[in-house]
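Both of the next two complexes hold subunit A, though its partner changes from subunit B to subunit C.
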Partner chain A sequence: MTNENQSLVQKSVPLYPAKTKMQVTIIFFVVLGIYAFSMFWTQKEMVNGFGGALGNMYVVIEKFFPPNLSILPAIWNAMMQTIQMAIIATTVAAILTVPLAVLSAQNITTFKPLYVLTRTFLNLLRTIPDLVLAVIFVGLFGVGVFPGILALTIFSLGILAKLISETIESVDMNPLEAMRASGGNVFQVIWYALVPQVLPQFTSLVLYVFEINIRASVVLGLVGAGGIGLVLNQQLKFYNYPNAMTVILVIFAVVLIIEYISNKIREALI
Partner chain B sequence: MIEFKDVGLVYPNGTEGLKNINVKINEGEFVVIVGLSGAGKSTFIRSINRLVTPTSGSLLVDGEDILNYHSGNLRKLRTKVGMIFQNYNLVKRSNVFKNVLAGRLGHTGTLRSILNLYSKEDKSLAYESLNRVNIAEKLYNRADELSGGQQQRVSIARVLTQKPKYILADEPVASLDPPTSHQVMTYLKKINKEDKITTIVNLHFIDMAMEYADRIIGMRAGEVVFDGPASEVTEKTFEEIYGRSIREDDLRGGADES
Partner chain C sequence: MENLQLPPKPEKSLFKKIRAIFITLLVIAMYVWTFVGIDIDWGRAIERSISNFHRVVPKLFSPDWAAAGDVGLAMLETVFIAFAGSLMAAVLAVPLSFLAAQNMMGGKVVSTIGKWILSAIRAFPDLILAILFVVAVGPNAFAGVLAIAIGSTGMLGKMFSEIIESIDMDVVQAMEANGANKIQILFYGVIPQITPEFLSYAIYRFEVDIRASSILGIVGAGGIGTMIVFASSNRNWNEMGMILLAIIIVVTVIDFASARIRRKIV
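After this line comes the complex of A and B, so read on.
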């Protein structure tokens, strides 16, 4: 035994066991292979694609410019509608997320079946793309803002609950134990020891999801879920490109401004 | 009074944390538990407020067996047993006052505590507790702005605010330097004498155990291997408890510096 140890030391012991090394090497080459293969195939088409695109570029630019700025007042309402959709959806999701995130955090929900159930539910929720949700709800409730809000709420609930439950799982458990030891019940322990620890992250994530929702609600509008996306869709359908260009510019400006503001708030929080 | 009767504890992975413990702790005593790492000191102390649950025997607190307690009376038990931890276990992002008021949780209804509706008496009790450990001037500081010794004093204030009958302290000075360690132990001892709160402290420094304890309980491998008044304890006793000779790092030292 001692002999073996000595010879190991002399051979300079590797940091990882040989088996791990082997596995990592194999995985590395497999991934590399997949990259090379997919690059080969996409390039075949991309070469033609790029050539065509450059030619089209000029035509497109000519059609879209100059933007028709006179419709600005008319589309302002639709833009506000989009922002409102995002605000309502984010708020509702932020509220619903709290119980779901707590129930799907392994360190708080020690009753395993409950935890597994919530986890599975959230995973299922996240597998549905936002566009599919919008198409379904527009089918159910007709064209308008309401199906858009529903789709956004469910979409952001999936992301938020997942991210926040992970934040909860990484908190310092010591204060929670202290609260339990001083006779606090579940709600008191959560409110006094857990909430202060996750609140900054929570706010930051909610703002982040709000940004995503602004952009997503534009896309959802394209399939009839209200807001500025709906207007954009109509203008494109009537080949009214200068109008469409104004809509695009407004969206661009609003997204930038909102991202800027929420970035500033998030920086201040952390 | 706390009474262990043939108490045993087997962890789910099969480790025997406690073996056949028979100990009676009287009102007002200041008991120090000593033993090597893994001897079962934490397991012993955490059984008393049921942070862990012994698997055999019975454990009486004020004459009632706490081993079959469930949520309701478990809360009541924990309200009268305060606990101090090695890592202070404060909510770092909350201020000192809020941390100390948390000592009232067991006495306060859920809604009242969530809305911060503490009675005037509770608030003045919290303030007074901070005063007793000389840290009232940090009232509105965030807990993570304090030094280790200050944080431990805040956690003592939290326990005082709880108005417990018993105080458990699991290695309260293990993360502190020698002078601060003595300061914290002095506060614990003072509270024990003035308020007649029965106090049980885990320590692994033998000089501190001898200096502050009324009574010393020695543990090894989940068993009580010594139990007697601190005045009867010598270095020889510790060598028997530890099963080896005493070393430099078994001593905290620095008693005269503080």
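After this line comes the complex of A and C, so read on.
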């Protein structure tokens, strides 16, 4: 980039003012500096350094391959459990998100403190990673699928409510005003003017969050919250890498298939 | 009011009716399968939650300030992991995104292959990648960096390729008509159009990666996740409260800063 700019300077008026160039250069070096420091920091506990790491890559392939496909029937149930967890969590989140999304949409909730309160609550909710929620719920409810579903629900609630409230904020306000002018109450306005406008996007976003949930739920088992992650964790603890690889491949296939289906449905919707 | 009548609703075609019934049955079948298949031990969950509630919840809200130093250091490592990982991803994603964009490399075949590569990378959850890299480079923060880098490349590559596909091709055609070569078109026609959005998405990805890297420690890939594992297995919920507080603060600050920067760029 800088070379290109310099050749331009010689020929004609500079493309960018000198101040901008200075700023960009400084930012570039600051970013590079932090990057170098991050690389140093994250590698300081490594035994052989970067070169050793690259050399080890083939060891991984040696350890994990060939996957032990004979355990496929045994992990089938766990995988189905994972999908079921994601379905329940997405459904519950989709129901709970409706009031939250409406309350955090600026054009519907005109009472400002309520809007700010819901927004802040959702923002806080979204900062907590799903696995941390799972760890806490496992501590609270014991090992099992229930803490997993709860963690997924709360985690996806934060994302979904934000995305849907943004959709609500971008709707055409004219039908809503017309409804209100002809005497519709709040619920009538929402049901007849808002719902038809956001329903396609709502379904599409729910499917999108379902994809996220599938991906999140496969790892929840690592902390004891049920599903395929539990099996993966056991196999890794026993250093049974070919079995673990089968689990990883199954996860990979399921995620791809579900993403494909959900993409097709979303394309048909919008 | 009674004599007011709504106009009749338009007739739906037979195909649409059958399709609607079919979809409804499918959804019902899915839910039946789900709720029959899942077994939640309600009794145990309720019993456990009653006996554990006072041991867990109040402690989460009284963070252990003595651990603040350690937690802070681990959180710093988490930020470093996310930064190094997302920067690597931002660089790696550029060539892949040009490969996947339909209007660049010419030919649908190349772009389809590029898109396939990107979605294959995306299908691996970050933690699964972290497991693989922990085996490769040992249980340290660098495994986390690699996991974040590869995981984000898939998503960023997809975003970048969509940006490239949406550029104004008139500029490129005008340059072509004026006799510019490929390199000149790239530097003066394409890059100025995509740079702001590329940067914006890369910074947004850094936000996402902060969240992702805070849990990588659960499989041994460094950062604050390591402390989460210890705190939960020791049932040290005060420390967990401190960790939670640190995550919330750092994520909020970085979200805020990144939103400000992105608004300035675009």
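Going forward, the second predicted complex is superposed on the first by the 220 of 270 C-alpha atoms of A that agree within 3 Å, B and C clash if a C-alpha of one lies under 4 Å from a C-alpha of the other, contacts with A are read in each partner's own complex, and residues count from 1 in each chain.
Simple rule for what comes next: contacts are C-beta pairs under 8 Å (C-beta built on N, C-alpha and C of every residue); 3 or more make two chains touch, one makes a residue touch a chain.
Given the structure is predicted, the values throughout are model-derived calculations rather than measurements.
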Contacts of A:P99 with subunit B and subunit C, given as first, second, both or neither: neither
Contacts of A:A216 with subunit B and subunit C, given as first, second, both or neither: second
When both partners are placed on the shared chain, which of subunit B and subunit C touches more of subunit A: C
Partner chain in contact with A:P17 - subunit B first, subunit C second, else both or neither: neither
Touched partner set for A:A178, first subunit B, second subunit C, both or neither: first
Touched partner set for A:Y241, first subunit B, second subunit C, both or neither: second
First (subunit B), second (subunit C), both or neither touched by A:V31: second
Residue numbers on subunit A that touch subunit C, as the complex places them: 1, 4, 31, 34-35, 37-39, 41-43, 45-47, 50, 52-53, 56-57, 59-60, 63-64, 80-81, 84-85, 87-88, 91, 123-124, 127-132, 135-136, 138-142, 144-147, 149, 215-216, 218-219, 222-223, 232, 236, 241, 244, 248, 251-252, 255-256, 259
Complex contacts: residues of subunit A adjacent to subunit B: 172, 174-175, 177-185, 187-188, 191-193, 196-197, 199-200
Footprint of subunit A on subunit B - complex, ascending: 49, 51, 71, 75-76, 78-79, 81-83, 85, 87, 89-94, 98, 102-103, 105-108, 110, 113-114, 155, 158-159, 162
Subunit C residues touching subunit A - in the complex, by the definition given at the top: 30-31, 33-35, 37-42, 44-45, 48-49, 52-53, 56-57, 60, 77, 80-81, 83-84, 87, 119-120, 122-125, 127-128, 131-132, 135-138, 140-142, 144-146, 187, 191, 211-212, 214-215, 218-219, 222, 225, 228, 232, 235, 237, 240, 243-244, 247-248, 251-252, 255
